[in-house]
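Written below as C-alpha coordinates is the structure these notes are about.
Per-chain residue numbering starts at 1, and chain names A, B, C and D are given in the order in which the chains are listed.
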Amino acid sequence: MRSRTNFSHVRKSFRTQGIMKLLGAHISQLSKGIVEISAKSRQELSQQDGFVHAGVLATLLDSAGGYATLSLLPPDSRVLTVEFKINFTRPALGDTVHARGRVRTLGSRIAVCELEATIRRNGKWRSCAWGSQTIFCLRPEGDRTKEKRD
Amino acid sequence: MRSRTNFSHVRKSFRTQGIMKLLGAHISQLSKGIVEISAKSRQELSQQDGFVHAGVLATLLDSAGGYATLSLLPPDSRVLTVEFKINFTRPALGDTVHARGRVRTLGSRIAVCELEATIRRNGKWRSCAWGSQTIFCLRPEGDRTKEKRD
Amino acid sequence: MRSRTNFSHVRKSFRTQGIMKLLGAHISQLSKGIVEISAKSRQELSQQDGFVHAGVLATLLDSAGGYATLSLLPPDSRVLTVEFKINFTRPALGDTVHARGRVRTLGSRIAVCELEATIRRNGKWRSCAWGSQTIFCLRPEGDRTKEKRD
Amino acid sequence: MRSRTNFSHVRKSFRTQGIMKLLGAHISQLSKGIVEISAKSRQELSQQDGFVHAGVLATLLDSAGGYATLSLLPPDSRVLTVEFKINFTRPALGDTVHARGRVRTLGSRIAVCELEATIRRNGKWRSCAWGSQTIFCLRPEGDRTKEKRD
(Lines give C-alpha, C1' and ligand atoms only; values in the text may rest on other atoms or scores of the structure.)
Protein backbone atom coordinates (compact mmCIF):
# COMPACT_ATOMS: atom_id res chain seq x y z
CA MET A 1 0.00 0.00 0.00
CA ARG A 2 2.11 2.80 -1.29
CA SER A 3 -0.10 5.64 -0.14
CA ARG A 4 0.08 4.30 3.38
CA THR A 5 3.82 3.98 3.75
CA ASN A 6 4.33 7.37 2.13
CA PHE A 7 1.79 8.95 4.44
CA SER A 8 0.65 10.90 1.43
CA HIS A 9 -2.79 11.42 3.02
CA VAL A 10 -1.07 13.10 5.96
CA ARG A 11 1.09 15.35 3.82
CA LYS A 12 -1.81 16.25 1.57
CA SER A 13 -4.00 17.23 4.53
CA PHE A 14 -1.17 19.23 6.10
CA ARG A 15 -0.82 21.33 2.95
CA THR A 16 -4.45 22.42 3.23
CA GLN A 17 -4.02 23.87 6.72
CA GLY A 18 -3.80 27.59 6.03
CA ILE A 19 -2.51 28.28 9.52
CA MET A 20 0.59 26.09 9.03
CA LYS A 21 1.59 28.22 6.07
CA LEU A 22 0.91 31.43 8.01
CA LEU A 23 3.14 30.21 10.87
CA GLY A 24 5.85 29.04 8.46
CA ALA A 25 5.57 25.46 9.71
CA HIS A 26 6.53 22.24 7.97
CA ILE A 27 6.55 18.53 8.82
CA SER A 28 10.07 17.62 9.91
CA GLN A 29 9.42 14.03 10.99
CA LEU A 30 6.74 11.57 10.01
CA SER A 31 6.49 7.95 11.00
CA LYS A 32 3.74 5.64 12.24
CA GLY A 33 2.16 7.33 15.22
CA ILE A 34 4.75 10.13 15.52
CA VAL A 35 4.74 13.49 13.77
CA GLU A 36 7.01 16.46 14.34
CA ILE A 37 6.23 19.91 13.00
CA SER A 38 8.87 22.65 12.98
CA ALA A 39 8.78 26.41 12.72
CA LYS A 40 11.29 29.20 12.99
CA SER A 41 10.78 31.54 15.88
CA ARG A 42 10.12 35.11 14.77
CA GLN A 43 8.56 38.30 16.06
CA GLU A 44 5.24 37.53 14.32
CA LEU A 45 4.80 34.45 16.55
CA SER A 46 5.61 36.18 19.84
CA GLN A 47 3.76 37.19 22.97
CA GLN A 48 4.56 40.33 25.00
CA ASP A 49 7.95 39.20 26.34
CA GLY A 50 9.28 38.05 22.97
CA PHE A 51 8.75 34.35 23.71
CA VAL A 52 6.88 32.19 21.21
CA HIS A 53 3.20 32.56 22.19
CA ALA A 54 1.74 29.61 24.10
CA GLY A 55 -1.03 29.43 21.51
CA VAL A 56 1.46 29.05 18.66
CA LEU A 57 3.02 26.10 20.47
CA ALA A 58 -0.49 24.72 21.00
CA THR A 59 -1.29 25.14 17.30
CA LEU A 60 1.81 23.26 16.17
CA LEU A 61 1.27 20.58 18.82
CA ASP A 62 -2.39 20.14 17.94
CA SER A 63 -1.56 19.49 14.29
CA ALA A 64 1.33 17.21 15.28
CA GLY A 65 -0.94 15.03 17.42
CA GLY A 66 -3.73 15.03 14.87
CA TYR A 67 -1.40 13.91 12.10
CA ALA A 68 0.32 11.36 14.33
CA THR A 69 -3.13 9.83 14.72
CA LEU A 70 -3.99 10.11 11.04
CA SER A 71 -0.68 8.39 10.18
CA LEU A 72 -2.08 5.22 11.80
CA LEU A 73 -5.40 5.33 9.96
CA PRO A 74 -6.41 4.55 6.37
CA PRO A 75 -6.17 7.40 3.83
CA ASP A 76 -9.86 8.32 3.84
CA SER A 77 -10.12 8.73 7.59
CA ARG A 78 -10.69 12.02 9.38
CA VAL A 79 -9.52 13.18 12.78
CA LEU A 80 -11.04 15.86 15.03
CA THR A 81 -9.54 17.30 18.20
CA VAL A 82 -11.85 16.70 21.16
CA GLU A 83 -9.60 18.57 23.60
CA PHE A 84 -6.02 19.25 24.56
CA LYS A 85 -4.29 20.29 27.74
CA ILE A 86 -0.81 21.75 27.70
CA ASN A 87 1.55 22.87 30.45
CA PHE A 88 4.02 25.59 29.52
CA THR A 89 7.08 24.57 31.44
CA ARG A 90 9.69 27.05 30.31
CA PRO A 91 9.75 30.40 28.48
CA ALA A 92 9.80 29.60 24.76
CA LEU A 93 12.88 31.59 23.92
CA GLY A 94 15.04 30.45 21.01
CA ASP A 95 15.33 30.25 17.25
CA THR A 96 13.46 27.07 16.23
CA VAL A 97 10.53 25.12 17.65
CA HIS A 98 9.91 21.42 17.28
CA ALA A 99 6.39 20.28 18.14
CA ARG A 100 5.98 16.53 18.46
CA GLY A 101 2.83 14.46 18.73
CA ARG A 102 2.91 10.78 19.59
CA VAL A 103 -0.06 8.44 19.77
CA ARG A 104 -0.20 6.67 23.11
CA THR A 105 -3.58 5.00 22.71
CA LEU A 106 -5.58 4.30 19.57
CA GLY A 107 -9.05 2.89 20.09
CA SER A 108 -11.82 2.45 17.56
CA ARG A 109 -13.04 6.02 18.06
CA ILE A 110 -10.71 7.75 20.52
CA ALA A 111 -6.97 8.33 20.33
CA VAL A 112 -4.86 9.89 23.07
CA CYS A 113 -1.62 11.63 22.13
CA GLU A 114 1.33 12.96 24.08
CA LEU A 115 2.41 16.41 22.93
CA GLU A 116 5.79 18.03 23.55
CA ALA A 117 7.45 21.14 22.18
CA THR A 118 11.16 21.84 22.37
CA ILE A 119 12.94 25.04 21.46
CA ARG A 120 16.57 25.53 20.40
CA ARG A 121 18.58 28.29 22.03
CA ASN A 122 22.30 28.68 21.60
CA GLY A 123 22.30 25.31 19.88
CA LYS A 124 20.66 23.47 22.76
CA TRP A 125 17.17 21.95 22.65
CA ARG A 126 14.97 22.26 25.72
CA SER A 127 11.39 21.20 26.44
CA CYS A 128 9.05 24.19 26.79
CA ALA A 129 5.54 22.71 26.57
CA TRP A 130 4.10 19.31 27.36
CA GLY A 131 0.61 17.91 27.40
CA SER A 132 -2.06 15.54 26.21
CA GLN A 133 -4.70 15.51 23.51
CA THR A 134 -7.86 13.54 22.80
CA ILE A 135 -8.72 12.87 19.15
CA PHE A 136 -11.96 11.58 17.68
CA CYS A 137 -11.34 9.25 14.73
CA LEU A 138 -13.74 9.00 11.82
CA ARG A 139 -12.64 5.82 10.08
CA PRO A 140 -13.91 4.64 6.73
CA GLU A 141 -16.81 2.17 6.89
CA GLY A 142 -15.71 -1.24 8.13
CA ASP A 143 -12.17 -0.22 9.04
CA ARG A 144 -10.66 -2.05 11.97
CA THR A 145 -7.05 -0.90 11.70
CA LYS A 146 -5.16 -2.47 14.52
CA GLU A 147 -5.64 -0.60 17.75
CA LYS A 148 -2.66 0.37 19.85
CA ARG A 149 -2.17 1.04 23.52
CA ASP A 150 1.00 1.87 25.40
CA MET B 1 -5.46 55.93 38.91
CA ARG B 2 -5.99 56.74 35.29
CA SER B 3 -3.76 54.02 33.88
CA ARG B 4 -5.74 51.43 35.80
CA THR B 5 -9.24 52.35 34.74
CA ASN B 6 -8.10 52.73 31.15
CA PHE B 7 -6.38 49.35 31.24
CA SER B 8 -3.61 51.02 29.30
CA HIS B 9 -1.11 48.42 30.56
CA VAL B 10 -3.29 45.72 29.03
CA ARG B 11 -3.67 47.48 25.69
CA LYS B 12 0.02 48.29 25.55
CA SER B 13 1.02 44.68 26.21
CA PHE B 14 -1.48 43.41 23.64
CA ARG B 15 0.09 45.59 20.94
CA THR B 16 3.46 43.90 21.49
CA GLN B 17 2.10 40.40 20.79
CA GLY B 18 3.28 39.76 17.25
CA ILE B 19 0.95 36.82 16.87
CA MET B 20 -2.19 38.92 17.47
CA LYS B 21 -1.24 41.08 14.53
CA LEU B 22 -0.49 38.04 12.37
CA LEU B 23 -3.92 36.59 13.20
CA GLY B 24 -5.65 39.92 12.61
CA ALA B 25 -6.95 39.99 16.19
CA HIS B 26 -8.06 42.94 18.29
CA ILE B 27 -9.49 43.51 21.77
CA SER B 28 -13.24 43.88 21.41
CA GLN B 29 -14.17 44.00 25.10
CA LEU B 30 -12.15 44.93 28.16
CA SER B 31 -13.41 45.24 31.69
CA LYS B 32 -12.19 44.15 35.12
CA GLY B 33 -11.52 40.45 34.88
CA ILE B 34 -13.07 39.96 31.43
CA VAL B 35 -11.37 40.34 28.06
CA GLU B 36 -12.72 39.46 24.64
CA ILE B 37 -10.49 39.20 21.58
CA SER B 38 -11.96 39.03 18.09
CA ALA B 39 -10.68 37.90 14.73
CA LYS B 40 -12.15 37.44 11.28
CA SER B 41 -12.17 33.89 10.05
CA ARG B 42 -10.13 33.45 6.88
CA GLN B 43 -8.35 30.72 4.94
CA GLU B 44 -5.00 31.55 6.59
CA LEU B 45 -6.41 30.52 10.00
CA SER B 46 -7.91 27.24 8.85
CA GLN B 47 -7.29 23.56 9.38
CA GLN B 48 -7.85 20.89 6.73
CA ASP B 49 -11.67 21.07 6.66
CA GLY B 50 -11.82 24.86 6.40
CA PHE B 51 -12.74 25.34 10.07
CA VAL B 52 -10.75 27.78 12.19
CA HIS B 53 -7.84 25.71 13.55
CA ALA B 54 -8.19 24.62 17.19
CA GLY B 55 -4.80 26.18 17.89
CA VAL B 56 -5.94 29.56 16.61
CA LEU B 57 -8.87 29.45 19.00
CA ALA B 58 -6.45 28.44 21.76
CA THR B 59 -4.15 31.35 20.90
CA LEU B 60 -6.93 33.91 21.07
CA LEU B 61 -8.31 32.34 24.25
CA ASP B 62 -4.91 32.21 25.92
CA SER B 63 -4.37 35.92 25.36
CA ALA B 64 -7.93 36.69 26.45
CA GLY B 65 -7.46 34.88 29.77
CA GLY B 66 -4.01 36.34 30.34
CA TYR B 67 -5.24 39.89 29.78
CA ALA B 68 -8.38 39.30 31.85
CA THR B 69 -6.00 38.47 34.70
CA LEU B 70 -3.70 41.40 33.97
CA SER B 71 -6.72 43.72 34.00
CA LEU B 72 -7.09 42.99 37.73
CA LEU B 73 -3.44 43.62 38.56
CA PRO B 74 -1.33 46.79 38.87
CA PRO B 75 0.31 48.12 35.67
CA ASP B 76 3.78 46.71 36.32
CA SER B 77 2.61 43.15 36.91
CA ARG B 78 3.34 40.24 34.60
CA VAL B 79 1.32 37.15 33.83
CA LEU B 80 2.50 33.77 32.56
CA THR B 81 0.36 30.89 31.37
CA VAL B 82 1.00 27.78 33.47
CA GLU B 83 -1.39 25.62 31.45
CA PHE B 84 -4.67 25.57 29.61
CA LYS B 85 -7.15 22.88 28.69
CA ILE B 86 -9.71 23.41 25.99
CA ASN B 87 -12.54 21.28 24.64
CA PHE B 88 -13.52 21.88 21.03
CA THR B 89 -17.24 21.42 21.14
CA ARG B 90 -18.33 22.32 17.63
CA PRO B 91 -16.67 22.78 14.23
CA ALA B 92 -15.45 26.40 14.11
CA LEU B 93 -17.22 27.34 10.91
CA GLY B 94 -18.25 30.95 10.42
CA ASP B 95 -17.06 34.47 9.67
CA THR B 96 -15.96 35.94 13.02
CA VAL B 97 -14.55 34.50 16.23
CA HIS B 98 -14.97 35.95 19.70
CA ALA B 99 -12.57 34.55 22.32
CA ARG B 100 -13.45 35.44 25.90
CA GLY B 101 -11.41 35.01 29.05
CA ARG B 102 -12.93 35.57 32.48
CA VAL B 103 -11.09 35.36 35.79
CA ARG B 104 -12.83 32.96 38.15
CA THR B 105 -10.22 32.92 40.91
CA LEU B 106 -7.43 35.36 41.65
CA GLY B 107 -5.04 34.39 44.41
CA SER B 108 -1.74 35.98 45.36
CA ARG B 109 0.15 33.93 42.77
CA ILE B 110 -2.35 31.82 40.84
CA ALA B 111 -5.35 32.88 38.79
CA VAL B 112 -7.82 30.51 37.15
CA CYS B 113 -9.76 31.68 34.10
CA GLU B 114 -12.69 30.36 32.15
CA LEU B 115 -12.18 30.48 28.39
CA GLU B 116 -14.87 30.35 25.74
CA ALA B 117 -14.85 30.96 22.01
CA THR B 118 -17.95 31.63 19.95
CA ILE B 119 -18.20 31.84 16.19
CA ARG B 120 -20.77 33.67 14.08
CA ARG B 121 -22.38 31.84 11.16
CA ASN B 122 -25.32 33.18 9.22
CA GLY B 123 -25.61 35.89 11.85
CA LYS B 124 -25.88 33.48 14.78
CA TRP B 125 -23.23 33.09 17.50
CA ARG B 126 -22.47 29.62 18.78
CA SER B 127 -19.97 28.30 21.31
CA CYS B 128 -17.20 26.25 19.67
CA ALA B 129 -14.49 25.95 22.35
CA TRP B 130 -14.56 26.02 26.12
CA GLY B 131 -11.97 25.46 28.79
CA SER B 132 -9.85 26.57 31.70
CA GLN B 133 -6.49 28.21 32.18
CA THR B 134 -4.04 28.60 35.05
CA ILE B 135 -2.03 31.83 35.19
CA PHE B 136 1.01 32.64 37.32
CA CYS B 137 0.96 36.27 38.50
CA LEU B 138 4.15 38.23 39.03
CA ARG B 139 2.94 41.21 41.04
CA PRO B 140 5.05 44.25 41.87
CA GLU B 141 6.79 44.09 45.27
CA GLY B 142 4.35 44.51 48.15
CA ASP B 143 1.21 44.39 46.00
CA ARG B 144 -1.83 42.85 47.66
CA THR B 145 -4.50 43.75 45.14
CA LYS B 146 -7.74 42.35 46.40
CA GLU B 147 -8.08 38.69 45.62
CA LYS B 148 -11.21 37.35 44.01
CA ARG B 149 -12.93 34.00 44.04
CA ASP B 150 -16.21 32.99 42.44
CA MET C 1 -41.88 7.16 29.70
CA ARG C 2 -41.92 6.77 33.42
CA SER C 3 -38.43 5.36 33.77
CA ARG C 4 -37.04 8.42 32.02
CA THR C 5 -38.67 11.11 34.10
CA ASN C 6 -37.80 9.25 37.30
CA PHE C 7 -34.20 8.86 36.19
CA SER C 8 -34.42 5.37 37.63
CA HIS C 9 -31.58 4.20 35.37
CA VAL C 10 -29.35 6.89 36.91
CA ARG C 11 -30.27 6.04 40.48
CA LYS C 12 -29.90 2.33 39.85
CA SER C 13 -26.44 2.76 38.35
CA PHE C 14 -25.38 5.07 41.19
CA ARG C 15 -26.25 2.41 43.76
CA THR C 16 -23.82 -0.02 42.12
CA GLN C 17 -20.82 2.31 42.51
CA GLY C 18 -19.02 0.82 45.49
CA ILE C 19 -16.89 3.94 45.89
CA MET C 20 -19.92 6.20 46.45
CA LYS C 21 -20.93 4.07 49.42
CA LEU C 22 -17.36 4.05 50.76
CA LEU C 23 -17.24 7.86 50.57
CA GLY C 24 -20.70 8.22 52.12
CA ALA C 25 -22.02 10.01 49.04
CA HIS C 26 -25.59 10.36 47.83
CA ILE C 27 -27.38 12.09 44.96
CA SER C 28 -28.77 15.37 46.30
CA GLN C 29 -30.06 16.82 43.02
CA LEU C 30 -31.08 15.17 39.77
CA SER C 31 -32.60 16.82 36.77
CA LYS C 32 -32.08 16.69 33.00
CA GLY C 33 -28.41 17.32 32.42
CA ILE C 34 -27.57 18.30 36.01
CA VAL C 35 -26.57 16.01 38.88
CA GLU C 36 -25.33 16.96 42.32
CA ILE C 37 -23.68 14.47 44.63
CA SER C 38 -23.11 15.28 48.30
CA ALA C 39 -20.86 13.89 51.00
CA LYS C 40 -20.01 14.81 54.56
CA SER C 41 -16.45 15.85 55.13
CA ARG C 42 -14.65 13.55 57.56
CA GLN C 43 -11.13 12.52 58.48
CA GLU C 44 -11.31 9.43 56.24
CA LEU C 45 -11.61 11.68 53.16
CA SER C 46 -8.75 14.02 54.05
CA GLN C 47 -5.31 14.79 52.75
CA GLN C 48 -2.35 15.78 54.97
CA ASP C 49 -3.65 19.22 55.98
CA GLY C 50 -7.12 18.00 56.93
CA PHE C 51 -8.75 19.32 53.73
CA VAL C 52 -10.92 17.02 51.65
CA HIS C 53 -8.47 15.29 49.28
CA ALA C 54 -8.47 16.62 45.70
CA GLY C 55 -9.05 13.08 44.48
CA VAL C 56 -12.21 12.75 46.57
CA LEU C 57 -13.56 15.91 44.98
CA ALA C 58 -12.59 14.50 41.59
CA THR C 59 -14.37 11.22 42.36
CA LEU C 60 -17.62 12.93 43.33
CA LEU C 61 -17.36 15.30 40.36
CA ASP C 62 -16.64 12.51 37.90
CA SER C 63 -19.75 10.62 38.95
CA ALA C 64 -21.79 13.84 38.93
CA GLY C 65 -20.80 14.60 35.34
CA GLY C 66 -21.24 11.01 34.20
CA TYR C 67 -24.75 10.84 35.64
CA ALA C 68 -25.65 14.28 34.35
CA THR C 69 -24.88 12.87 30.90
CA LEU C 70 -26.71 9.60 31.53
CA SER C 71 -29.76 11.60 32.66
CA LEU C 72 -30.12 12.84 29.07
CA LEU C 73 -29.82 9.39 27.48
CA PRO C 74 -32.19 6.43 27.23
CA PRO C 75 -32.14 3.89 30.10
CA ASP C 76 -29.97 1.29 28.37
CA SER C 77 -27.18 3.70 27.48
CA ARG C 78 -23.70 3.63 29.00
CA VAL C 79 -21.26 6.43 29.69
CA LEU C 80 -17.48 6.28 30.03
CA THR C 81 -15.18 9.05 31.18
CA VAL C 82 -12.63 9.90 28.49
CA GLU C 83 -10.85 12.49 30.63
CA PHE C 84 -11.36 15.22 33.17
CA LYS C 85 -9.37 18.29 34.18
CA ILE C 86 -9.98 19.98 37.49
CA ASN C 87 -8.52 23.10 39.10
CA PHE C 88 -8.48 23.16 42.89
CA THR C 89 -9.19 26.78 43.61
CA ARG C 90 -9.47 26.86 47.38
CA PRO C 91 -8.58 24.56 50.31
CA ALA C 92 -11.51 22.17 50.75
CA LEU C 93 -12.12 22.92 54.41
CA GLY C 94 -15.65 22.54 55.74
CA ASP C 95 -18.34 20.09 56.78
CA THR C 96 -20.19 19.15 53.56
CA VAL C 97 -19.23 18.91 49.90
CA HIS C 98 -21.54 19.39 46.94
CA ALA C 99 -20.19 18.12 43.63
CA ARG C 100 -22.15 19.25 40.59
CA GLY C 101 -21.93 18.07 37.01
CA ARG C 102 -23.72 19.86 34.20
CA VAL C 103 -23.80 18.82 30.55
CA ARG C 104 -22.70 21.67 28.32
CA THR C 105 -22.56 19.76 25.04
CA LEU C 106 -24.16 16.48 24.08
CA GLY C 107 -23.22 15.09 20.70
CA SER C 108 -23.94 11.68 19.26
CA ARG C 109 -20.85 10.18 20.90
CA ILE C 110 -19.16 12.87 22.99
CA ALA C 111 -20.54 14.92 25.86
CA VAL C 112 -18.69 17.73 27.62
CA CYS C 113 -19.60 18.56 31.20
CA GLU C 114 -18.77 21.41 33.55
CA LEU C 115 -17.82 20.23 37.03
CA GLU C 116 -17.85 22.29 40.20
CA ALA C 117 -17.49 21.42 43.86
CA THR C 118 -18.53 23.69 46.71
CA ILE C 119 -17.87 23.18 50.40
CA ARG C 120 -19.81 24.56 53.36
CA ARG C 121 -17.88 26.15 56.20
CA ASN C 122 -19.52 28.07 59.01
CA GLY C 123 -22.76 27.86 57.06
CA LYS C 124 -21.33 29.44 53.90
CA TRP C 125 -20.86 27.62 50.60
CA ARG C 126 -17.73 28.35 48.58
CA SER C 127 -16.38 26.94 45.32
CA CYS C 128 -13.28 24.80 45.85
CA ALA C 129 -12.85 22.88 42.58
CA TRP C 130 -13.87 23.57 39.02
CA GLY C 131 -13.21 21.83 35.74
CA SER C 132 -14.32 20.01 32.63
CA GLN C 133 -14.95 16.44 31.63
CA THR C 134 -15.29 14.54 28.36
CA ILE C 135 -17.70 11.60 28.30
CA PHE C 136 -18.06 8.89 25.67
CA CYS C 137 -21.70 7.88 25.18
CA LEU C 138 -22.70 4.36 24.22
CA ARG C 139 -26.29 4.78 23.12
CA PRO C 140 -28.66 1.96 22.35
CA GLU C 141 -28.86 0.99 18.67
CA GLY C 142 -30.67 3.60 16.60
CA ASP C 143 -30.97 6.17 19.39
CA ARG C 144 -30.90 9.77 18.27
CA THR C 145 -31.89 11.49 21.49
CA LYS C 146 -31.89 15.17 20.86
CA GLU C 147 -28.41 16.61 21.00
CA LYS C 148 -27.73 19.70 23.07
CA ARG C 149 -25.13 22.44 22.88
CA ASP C 150 -24.77 25.53 25.04
CA MET D 1 20.86 14.71 55.77
CA ARG D 2 19.26 11.55 57.01
CA SER D 3 15.70 12.79 56.95
CA ARG D 4 16.13 13.67 53.27
CA THR D 5 17.47 10.41 51.97
CA ASN D 6 14.92 8.46 54.02
CA PHE D 7 12.11 10.61 52.69
CA SER D 8 10.71 10.48 56.21
CA HIS D 9 8.80 13.74 55.61
CA VAL D 10 7.04 12.09 52.67
CA ARG D 11 6.15 8.93 54.57
CA LYS D 12 4.99 10.91 57.58
CA SER D 13 2.72 13.10 55.48
CA PHE D 14 1.32 10.09 53.63
CA ARG D 15 0.26 8.48 56.91
CA THR D 16 -1.89 11.51 57.73
CA GLN D 17 -3.97 11.21 54.54
CA GLY D 18 -7.17 9.61 55.80
CA ILE D 19 -8.26 8.78 52.27
CA MET D 20 -5.20 6.60 51.58
CA LYS D 21 -6.14 4.42 54.54
CA LEU D 22 -9.78 4.28 53.42
CA LEU D 23 -8.68 3.15 49.94
CA GLY D 24 -6.19 0.63 51.37
CA ALA D 25 -3.29 2.34 49.60
CA HIS D 26 0.40 2.26 50.46
CA ILE D 27 3.60 3.67 49.01
CA SER D 28 5.23 0.94 46.95
CA GLN D 29 8.09 2.96 45.46
CA LEU D 30 9.79 6.12 46.62
CA SER D 31 12.82 7.78 45.09
CA LYS D 32 13.82 11.31 44.18
CA GLY D 33 11.05 12.69 42.02
CA ILE D 34 9.17 9.41 41.60
CA VAL D 35 6.50 7.95 43.86
CA GLU D 36 4.31 4.92 43.27
CA ILE D 37 1.21 4.22 45.34
CA SER D 38 -0.52 0.84 45.20
CA ALA D 39 -3.95 -0.41 46.12
CA LYS D 40 -5.84 -3.66 45.73
CA SER D 41 -8.86 -3.48 43.50
CA ARG D 42 -12.07 -4.30 45.37
CA GLN D 43 -15.80 -3.75 45.07
CA GLU D 44 -15.65 -0.71 47.40
CA LEU D 45 -13.49 1.14 44.84
CA SER D 46 -15.65 0.36 41.82
CA GLN D 47 -17.91 2.26 39.46
CA GLN D 48 -21.06 0.82 37.89
CA ASP D 49 -19.33 -1.70 35.57
CA GLY D 50 -17.06 -3.14 38.25
CA PHE D 51 -13.98 -1.22 37.02
CA VAL D 52 -11.93 0.80 39.49
CA HIS D 53 -13.62 4.24 39.54
CA ALA D 54 -11.79 6.96 37.56
CA GLY D 55 -11.82 9.12 40.69
CA VAL D 56 -10.02 6.45 42.71
CA LEU D 57 -7.28 6.34 40.08
CA ALA D 58 -7.18 10.16 40.21
CA THR D 59 -6.90 10.10 44.00
CA LEU D 60 -3.98 7.70 44.00
CA LEU D 61 -2.32 9.58 41.13
CA ASP D 62 -2.77 12.95 42.79
CA SER D 63 -1.04 11.77 45.95
CA ALA D 64 1.69 10.07 43.91
CA GLY D 65 2.49 13.28 42.04
CA GLY D 66 2.28 15.43 45.15
CA TYR D 67 4.69 13.17 47.03
CA ALA D 68 7.01 12.85 44.05
CA THR D 69 7.30 16.64 44.24
CA LEU D 70 7.69 16.68 48.01
CA SER D 71 10.47 14.10 47.72
CA LEU D 72 12.58 16.75 45.96
CA LEU D 73 11.94 19.46 48.56
CA PRO D 74 13.23 20.04 52.09
CA PRO D 75 11.29 18.40 54.94
CA ASP D 76 9.34 21.47 56.01
CA SER D 77 7.97 22.23 52.56
CA ARG D 78 4.32 21.93 51.57
CA VAL D 79 2.76 21.04 48.25
CA LEU D 80 -0.70 21.89 46.94
CA THR D 81 -2.36 20.58 43.81
CA VAL D 82 -3.24 23.42 41.44
CA GLU D 83 -4.87 21.12 38.89
CA PHE D 84 -4.66 17.77 37.23
CA LYS D 85 -5.90 16.37 33.93
CA ILE D 86 -6.21 12.65 33.38
CA ASN D 87 -7.21 10.55 30.37
CA PHE D 88 -8.75 7.18 31.13
CA THR D 89 -7.35 5.06 28.36
CA ARG D 90 -8.58 1.58 29.22
CA PRO D 91 -11.21 0.05 31.53
CA ALA D 92 -9.55 -0.37 34.94
CA LEU D 93 -10.26 -4.06 35.33
CA GLY D 94 -7.85 -6.15 37.37
CA ASP D 95 -6.64 -7.01 40.85
CA THR D 96 -4.03 -4.36 41.74
CA VAL D 97 -3.45 -0.74 40.76
CA HIS D 98 -0.12 1.05 40.61
CA ALA D 99 -0.34 4.85 40.46
CA ARG D 100 2.92 6.57 39.58
CA GLY D 101 3.82 10.24 39.77
CA ARG D 102 7.02 11.58 38.28
CA VAL D 103 8.24 15.16 38.43
CA ARG D 104 9.02 16.48 34.97
CA THR D 105 9.66 20.11 35.89
CA LEU D 106 10.47 21.65 39.24
CA GLY D 107 10.62 25.42 39.36
CA SER D 108 10.80 27.69 42.37
CA ARG D 109 7.01 27.67 42.80
CA ILE D 110 5.52 25.36 40.20
CA ALA D 111 6.16 21.67 39.57
CA VAL D 112 4.66 19.67 36.72
CA CYS D 113 4.26 15.91 37.11
CA GLU D 114 3.43 13.07 34.78
CA LEU D 115 0.86 10.67 36.20
CA GLU D 116 0.22 7.12 35.06
CA ALA D 117 -1.81 4.27 36.50
CA THR D 118 -1.39 0.65 35.53
CA ILE D 119 -3.59 -2.27 36.51
CA ARG D 120 -2.71 -5.95 36.70
CA ARG D 121 -5.04 -8.47 35.14
CA ASN D 122 -4.19 -12.13 34.71
CA GLY D 123 -0.65 -11.28 35.76
CA LYS D 124 -0.16 -8.61 33.09
CA TRP D 125 0.22 -4.88 33.81
CA ARG D 126 -1.48 -2.43 31.47
CA SER D 127 -1.74 1.36 31.47
CA CYS D 128 -5.28 2.55 32.23
CA ALA D 129 -4.90 6.26 33.06
CA TRP D 130 -2.40 8.89 32.08
CA GLY D 131 -2.14 12.60 32.63
CA SER D 132 -0.47 15.68 34.03
CA GLN D 133 -0.57 17.65 37.25
CA THR D 134 0.48 21.12 38.35
CA ILE D 135 1.73 21.51 41.93
CA PHE D 136 2.32 24.70 43.90
CA CYS D 137 5.39 24.42 46.14
CA LEU D 138 5.60 26.23 49.47
CA ARG D 139 9.30 26.00 50.28
CA PRO D 140 10.85 26.99 53.60
CA GLU D 141 12.19 30.56 53.70
CA GLY D 142 15.36 30.93 51.65
CA ASP D 143 15.24 27.46 50.11
CA ARG D 144 16.66 27.19 46.61
CA THR D 145 16.74 23.44 46.18
CA LYS D 146 18.07 22.73 42.76
CA GLU D 147 15.43 23.09 40.12
CA LYS D 148 14.88 20.37 37.57
CA ARG D 149 13.51 20.32 34.05
CA ASP D 150 13.24 17.44 31.64
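Throughout what follows, a contact is a pair of C-beta atoms (placed from the backbone, for glycine too) under 8 Å apart; a residue touches a chain by one contact, two chains touch by 3 or more.
Not measured: the values here are computed from a predicted model.
J.: For chain A and chain D, what is the smallest step count along a path of chains that touch one another?
T.: Minimum step count, chain A to chain D: 1.
J.: What chains touch chain C and also chain D?
T.: Touching chain C and chain D alike, sorted by label: A, B.
J.: Compared with chain C, which chain's mean CA position is the farthest off?
T.: A
J.: Just the number, please: Cα centre separation of chain B and chain C in whole Å.
T.: Distance between chain centres, rounded to whole Å: 28 Å.
J.: Between chain A and chain B, tell me the centre distance in angstrom, where each centre is the average of that chain's C-alpha atoms.
T.: Between these chains, centre-to-centre, one finds 23 Å.
J.: Find the geometric centre of each of chain B and chain D from their Cα atoms only, then give the gap between the two centres in Å, rounded to an integer.
T.: About 32 Å separates the centre of chain B from that of chain D.
J.: Can you list the residues of chain A that touch 2 or more other chains?
T.: 82-83, 85, 87, 112, 131-132, 134
J.: Report the residues of chain C in contact with chain D in the complex, numbered from low to high.
T.: That would be residues 13-14, 16-19, 21-22, 42-49, 53-56, 58-63, 78, 80-88, 91, 131 of chain C.
J.: Of all residues in chain B, which touch chain D in the complex?
T.: 82-83, 85, 109-110, 132, 134, 136
J.: Mind pulling up the chain A residues that touch chain D in the complex?
T.: It comes out as residues 85, 87, 89-90, 104-105, 112, 126-127, 130-132, 134, 149-150.
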